[in-house]
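Okay, structure first, notes after.
Chain naming follows the written order as A, B, C, D, E, F, G, H, I, J, K and L, and within any one chain the residues start at number 1.
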């Protein structure tokens, strides 16, 4: 079975700064335990508010990676 | 990297009694192997029918939990 | 043609008590005229309000049943 | 202009017990300040988890009511 | 009735600079008249174009806040 | 903060005649209490039936308007 | 079982003139064989084109009616 | 009323071989009791697994047919 | 390759009068440069508001046409 | 500006045989006039029925290709 | 807790030949490390194109399996 | 026919830096060949990953422009 198979995991990254940082934080964390990270898709962008400001951006993403055979 | 990252897993809990029990069963099972369960979202509510009655409620949910760094 | 074929019908069950009862009422009614009821999926949960309270839960579901060959 | 016009507001009700109670709590609260509540639709069912159990059901619903002319 | 109830309002924030700024502008404006802002969800990201460039980012979000009892 | 912020409200207009009239009725009603109405989007088109005919078109729309700073 | 149960059927009405006429044609046809028609929801609006003009509006709707017990 | 009206029914066809066969099986079964079958749309593609292989493809489709006047 | 292939283009037609006119305007414009227009689907119905009235209906549609081989 | 930009076009391919053939027919036709075809996504699977059988599979897809700078 | 609980994992299977083969490849791979595979649902069908032809079908599916208690 | 008609094209812009840059790159490229660019909507945000980092943000957007009569 030489056709590649990928697995997708769903993560929520957070950051006080930006959507991009929230995604990067989730990807960095995934990279600690998963090899061959290949792509991501943003599923949802939310956040919590504190004192009338965005406190944390919360970005849910799916991350796809190659499953070794 | 101190901003929390969460992982989401998708489960289908079942119960002969109610939607709430089906969710609780899935959460209880998740709690056996996952620490720091944080939230859930109901994705789909279905069930199988036997002899013209609901036999099992089948509720699919996503469960989010904190990934330790 | 021995592979089973199923038909789906869409019903709205109602109940003053709960979502589960609304589903059960729809399934009971379907069972009067349809044999081989097999599964259901909840499509929508609504209700009407009277005097500031839920008067009737209205749950729309699809019910699948085996079509005899 | 005698044709009725309705307004919809979006609320999240919560309850430690059930989806139905979470909806009822939101409706009761709406009824304190809004007259002529007419119908609701469930938009999303989520909840938070504490010590491996559902701590609060969080049900987001739209509530429609007649706007007086 | 001690279980918290939240209300959600829908806003479109705008900014010539970024999605984050458009969200922040909407949240700042909401904070002028609403207490207890709690969370937001991005619903849609659009913008208008002028002379072949993004003139304004237009981000529609739902903002949730605690309704006092 | 000079970047405009808009608020969206959700209404259901009704009319025995047409979808356009149902929208117009909702917009006319909104215009009585809201200044700076700017745009609308149709969310859902439904209606009730009486004696085998459409009795009322019921069109749910979101109406956006400029929030003054 | 005194709580009403409704059934929904899906129809596509057509008309050379308007969306409203296409809906009316579907409802009129349903009324020939179904009693107690109660409500409808528009699901999709399409049409075919002939000689650069709309030839037929094709409107798919769900029609709900009370199931007698 | 000469403008055609169509009805849609929802079916789940199954096959051990392919998506196309599952659709064909549903259409063949529909053709036994319904005249004037006109078009179909695939709604969902699922299947059950047995011993680590696809046992049955289960394809849910809507089938449209002309209602005679 | 004798099996027909169609292309779909997305247009927003506008009209001060009705949804139908907005669709017709888009189709008329498409017909100036595209041959073999075959069908359309309504994707979104919006509009802008001026002085508390609908100023322009804005209907986004996909138009399909046969690609010549 | 060295970051690649892609354009997506929407096509409906048809085939009497299979979903795969319908996709292939659309891709082949696109390849006659577009260079650098890169990926596709299936949007919808439908078909017309004739004499109780699938006459043509109609698969709508988006095809992405690199825009040359 | 005797009511079964299922877990769902999301995979993308690929194949140069067909949608069915892409699904089978993902299921085969899952079967190497997961017991009790029970059902799957197709989530998305895409592919990459090379020299004007489909190079790999890429089918994303959810696979459900029984979680042992 | 003086009512404006708009066309929408779908593009995927890419950038190693941010979502905003990916959108800007797509808009700049469109501006080379299309006059009267008017608005855009973000459809999807994805990206590819290389060495555990976001390599390219890939943002798919629809761009609307006035069609000259």
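We take it that a contact is a pair of C-beta atoms (placed from the backbone, for glycine too) under 8 Å apart; a residue touches a chain by one contact, two chains touch by 3 or more.
Given the structure is predicted, the values throughout are model-derived calculations rather than measurements.
Engineer: On the document's contact criterion, could you list the chains that touch subunit B and likewise touch subunit I?
Structural biologist: Chains that touch both subunit B and subunit I, as defined above, do not exist here.
Engineer: I'd like the Å distance between the centres of subunit A and subunit F, where a centre is the mean of that chain's Cα atoms.
Structural biologist: Here subunit A and subunit F have centroids separated by 38 Å.
Engineer: Taking the mean of the CA coordinates per chain, how far is subunit H from subunit I in Å?
Structural biologist: 30
Engineer: How many angstrom lie between the centres of subunit E and subunit F, each centre taken as the mean Cα position?
Structural biologist: 21
Engineer: What are the residues of subunit F that contact at least two other chains?
Structural biologist: Expected reply: 9-10, 18-19, 28.
Engineer: Touching pairs of chains, which are they?
Structural biologist: A-B, A-E, A-K, A-L, B-C, B-D, B-K, C-D, C-G, C-H, D-E, D-F, E-F, E-L, F-G, F-I, G-H, G-I, H-J, H-K, I-J, I-L, J-K, J-L
Engineer: With touch defined as at the start, can you tell me which subunit A residues reach subunit L in the complex?
Structural biologist: Against subunit L, subunit A makes touches at 18-20, 23-24, 27-28, 30-31, 37-42, 63.
Engineer: Per the contact definition, I'd like the list of subunit C residues that touch subunit H in the complex.
Structural biologist: Residue positions touching the partner: 1, 3-10, 62, 64, 67, 69.
Engineer: Subunit I touches which residues of subunit J in the complex?
Structural biologist: Residue positions touching the partner: 9-16, 21-22, 25-26, 28-29, 56, 60.
Engineer: For subunit L, which residues count as touching subunit A in their complex?
Structural biologist: Where subunit L meets subunit A, its residues are 18-19, 44-49, 52-54, 57.
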